[in-house]
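Shared chain: chain A. Partners: chain B in the first complex, chain C in the second.
Up next is the complex of A and B:
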């Protein structure tokens, strides 16, 4: 009993949860405008895109892989949404679905390069990061698409029952992701591949199929995030989502997912995500400038991982 | 599986093939152009009703101390350091304004929106901005107006109804004329040139390039445009892009336009390192300090710009006038401290003045 309690207390998620609560208290202390429903919901709106992509990224990193191309996929899908709708005259709802599907195809291409040709995920997605961004810029010819109909903005700027629309979508997908990763056979296969891909293969797990599905899901969800992003900022540009992958990976790794694979949870990712967003927003409200905020986030990332590693060694020893 | 790969490749190729038509010069936008007369007759001002927005439920701020935040496209570059200095100077001179500058370290629309959003929550009285994208920034600025915050833009505009006033540093056709005329003077009427810009969608640069294309066609029809390249606002990338242009076109290339305060010195450096000073002219927009070495070595003859310190200074004065209720819809001019009376143009814009050409004779007098 005490042993399991001890291991529960020393879990990365627990440490992170405590850190998050401390941060929230400290930030609320610094600015009376931080802990208001209005601000918190607004922050939820701002973090939804990074959050969505981070859900799929958790799976990717748990398999020991990485997907650097998500920001570029977001840019590509955003541009295609505009091109499908404005230049090809496809009705907007169908253009949205097509855009998301293209995201899925882009993810599938990543998966094929990784599984079929044995290219390490870091290299494969570094290449497609450039490839997809280049396509986005080439297709757009640097024109932005504007003038979307009003109903489209409910997705990114509107709210349902007082909560931003995209937070509902994010919440639902987070729940689904948590169930799949934590409770399903697919989730167990994901962990197994991350712990030892060769052993998983010999144990009869369809490693390639699992990886293909995960990278495809990563692309699909980046596509969904693109549609939400376009709706939120009401325009399409080819440089959308530049650097998104770094925010996403930071949230996932801060959430305790091991970059070597085999370990990580959706709850951890959510905690990492919220902590990052709370720091960005809370420090800004407390009067810390942008450059200072980035320094703090870097320090928190290193600090959290060090603390977690020290406790883990203790627990193992 | 190979078939699947081929299908995916074909799909990607088909997507690339769906690119749509471009305008005269790449990097220009598709808005109507209005080139000035070749001989320097000033353009006629067109009367237009006020088309800016109004804050809802703004408290009476007349003469009261206000807090103002300035969110430029990005921080940490010479140009926005200069506008920020102008804002601070004006705030100190006014005495009843607390102003600070904060913003993203990269010219990123999403980050800029987040910065403004946070400052709205923190409860400022006024926002000054230079937009990374005129449409993308509009929703968050409208939100600021709806919370009774005074919003004034400078340097890069948003949609007019998302802010109250915009301080226009120079009209686009004026800058375009100054750039093209100086290039024609340096390289002759029948030479070819290329352009290094930030990105094809950055609003100011796209507008200038479109106006340059229109003005060149009207007044210097034999000059030949070769290519426009994107270099973000990144030093190394700008240098590399300029070097690529020099290598790619060889002797055909006689001139490079730098469209940003980063691209122009980087292009001058590329020309210097390629030992092409005197054979390839660099004309562009830049701050004087960055250009002094090249101008003093005679590698660059004309640097076109306005004074960004004055731009920030004017923006701060306009914001104060709006907060005081002294600048209202329908006004034709506004007082801006030491700059005197500035004219209202295009409904809700305030013109800073004619562009300024820095040359070897005068560049030493400027320090920003």
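Up next is the complex of A and C:
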């Protein structure tokens, strides 16, 4: 019993949780504006898009892959939303659904390149990162779309029961993702593929289908994040989501998901995400400049992973 | 005669677990000293102590009469000790010569590498090993396992090794290559090199060794001259009890045809294969490495679907295009490469066993962990898997127990046809006979078993019938009563000669 308690205490998530609490205390002590309901909810609003994409990215990285194209998919869907609605006259609700579907198709294309043609995920999605961004810029012709109807802003700027709308969506999807990854047969297949894809195939798991679904989900959810993003900032531009993939990957890896695959949890990703957002906001409030914040986040990332590795080695003995 | 290396009273513990307990061992010049023991008996640790990888907690190492202490493997190399590890530690992208002289390449006066001398010396070393065909400029990655081993041995000799330790050198070699390796070892011995030879294969040890030492559970059991022991007494020393029968094949009721192949082909590796496998039967498949045995199994299992011909199960033609379909048709495949194809090593025993039956263990897509653990517990008991429990990671188990986990995973799927590819490769004697007994029991319960094996005694001992493959074809079908090393061996090599002549 003590052994399992010990291993629980040494879990990456526990270490991260402790670190998060320490960070929150330090940040609250630095600035009295940090630990207020208003600020915290607002931070939740800001991290929802990265968070949504990080949920799917956790699956992707657990399989041992990576999806660098999510930021570009977000930009592409954002542009298409404006084009569908304003230029093509499609009703906005339908344009939203279509946009998200385009995201799914973009993800599916990633999956097909990776599974059918055996291109390593890093290279496949590096290519589509450029491809989708190029499409977005080509379609937008550097114009931005504005003038969305008021109801549309409920999604990105409104509140339900005092909590930002997108936080509800994020919470719901996080719960679903946690159940799928942690408890379902699909989650089992995901971990098995990440640990040993060959043995998974030899055990009768449908490796290719699982990967296709995961990359498609990654695209779909990036599309959803795009719609929320547009609603939050009231406008559409083609450079939206540039660099998003790096924030997303940082949150997932900070959350203890192994970049080599086979290990990681949604809880970990949530902790990683919150820690990252708290540091960004808290340090800004404490008067640290933007570049200083990035340095701190980088240091925290390396630090957590080192600590976690030291304990893991110890535990394996 | 003064031993080249002598170990006296060596003990070693890892995190409180004692893996070697006061072990004595020595090697004399010009002898082959076999080191035997089951997996986990402490052979690897002992080798690593000789190699300077681990330092002993107690006891002393004596080199040529002088006590020595190795702080790192480099010092052991300087003392004339070379190790040929099982997983050959070579650099696939470098040439043969570069690999042999890595770290001690001959230099020119200004410090540059002396390539000409390096290549000449490599050539001489390889010729010395009767390996005239090996090109010193070839990339090691392009060589066969047998040739890589020769490179590794040449590397040992290039460091003026007087003691060569070989860790299961024949584990992944075909029979022909094994004979050549044995010849190389004899040649080294005649030049006065002391050889420590670790192997599970008793026939090799009787063919080669002068003395044999046995370890069991980290304890030193005994050292004997080879002429004073028999196969049976060695096994008893290793296992600590006598094993009545090495191949516990029991008669089983042979029933209706389960699996039938008619002119099945896949590319060049599987050509025009036809055979029938019946319920309760163990059908052995013999042949050299690369003869198309594994490829045939992969075709039946849907990894490389058949491009021509017909597969029938219970008399009905079926299409098998993926492992999922094969599984759903009641076919199970225990693969050749346990670590790569069989196990998800970081995951637990329970998670590994449930992989083939996830859907059956779940309700509304949620895996029932209770059922999963119960299933694992059942199999741990039924197959005698030695583990702390269902939650232990598969990679922490010994080879034999890992193989049992792979077998459990497939038995959980309740197959009607079981294909076992090298079922006991790299497994110690005790676990081996347990797996053989299990195969007999499974056949008796009506399972149809196709057993691919490179170990002739296993094929002869366990099979009701033997198929011999070569060049992707079945070249002979021999009944149990007519199967002898001569008949099977002749069938394996006869066609080879014909192909060479053609």
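Everything that follows uses one rule, which is that the second predicted complex is superposed on the first by the 317 of 317 C-alpha atoms of A that agree within 3 Å, B and C clash if a C-alpha of one lies under 4 Å from a C-alpha of the other, contacts with A are read in each partner's own complex, and residues count from 1 in each chain.
Here is the rule we use: a residue touches a chain if its C-beta (ideal position, glycine included) is under 8 Å from a C-beta of that chain, and two chains touch if they have at least 3 such contacts.
Everything numeric here is computed off the predicted structure, so don't read it as measured data.
Superposition of the two complexes onto chain A shows chain B and chain C fitting side by side, with no clash. With both structures placed on the common chain, the touch criterion links A:42 to chain B but leaves chain C unconnected.
In the superposed model, A:196 lies in contact with chain C only, and not with chain B. Of the two partner chains placed around the shared chain by superposition, neither chain B nor chain C is touched by A:14.
Residue contacts after overlaying the shared chain place A:108 against chain B, while chain C stays out of touching range. Counting the residues of chain A that each partner touches, chain B and chain C differ, and the larger count belongs to B. In the superposition on chain A, contact of A:30 is made with neither chain B nor chain C.
Rounded to the nearest 10, the angle at the Cα centre of chain A between the centres of chain B and chain C is 130 degrees.
With both structures placed on the common chain, the touch criterion links A:183 to chain C but leaves chain B unconnected. In the superposition on chain A, A:262 makes contact with chain C only, not with chain B. Distance between chain B and chain C in the overlay is 15 Å (nearest C-alpha pair, rounded to whole angstrom). Interface of chain A with chain C (complex): residues 179, 183-189, 191-192, 195-196, 198-206, 262-263, 317. Per the touch definition, chain A reaches chain B in the complex via residues 31, 33, 36, 38-39, 42, 46, 80, 83, 87-88, 102, 105, 108-109, 112, 116, 135, 137-144, 146, 157, 229, 232-235, 237-240, 242-243, 280-281, 284-285, 287, 289-291, 294. Only residues 1, 4-5, 8, 11-12, 15-16, 18-22, 26-27, 30, 75-76, 102-106, 108-111, 113-115, 117-119, 121-123, 133, 135-136, 138-139, 199-201, 206, 230 of chain B touch chain A when the two sit together in their complex.
Contact residues of chain C toward chain A in the complex are 14-15, 301, 303, 322-324, 326-327, 333, 335, 340-347, 351, 354-356, 358-359, 362, 365-367, 409, 413.
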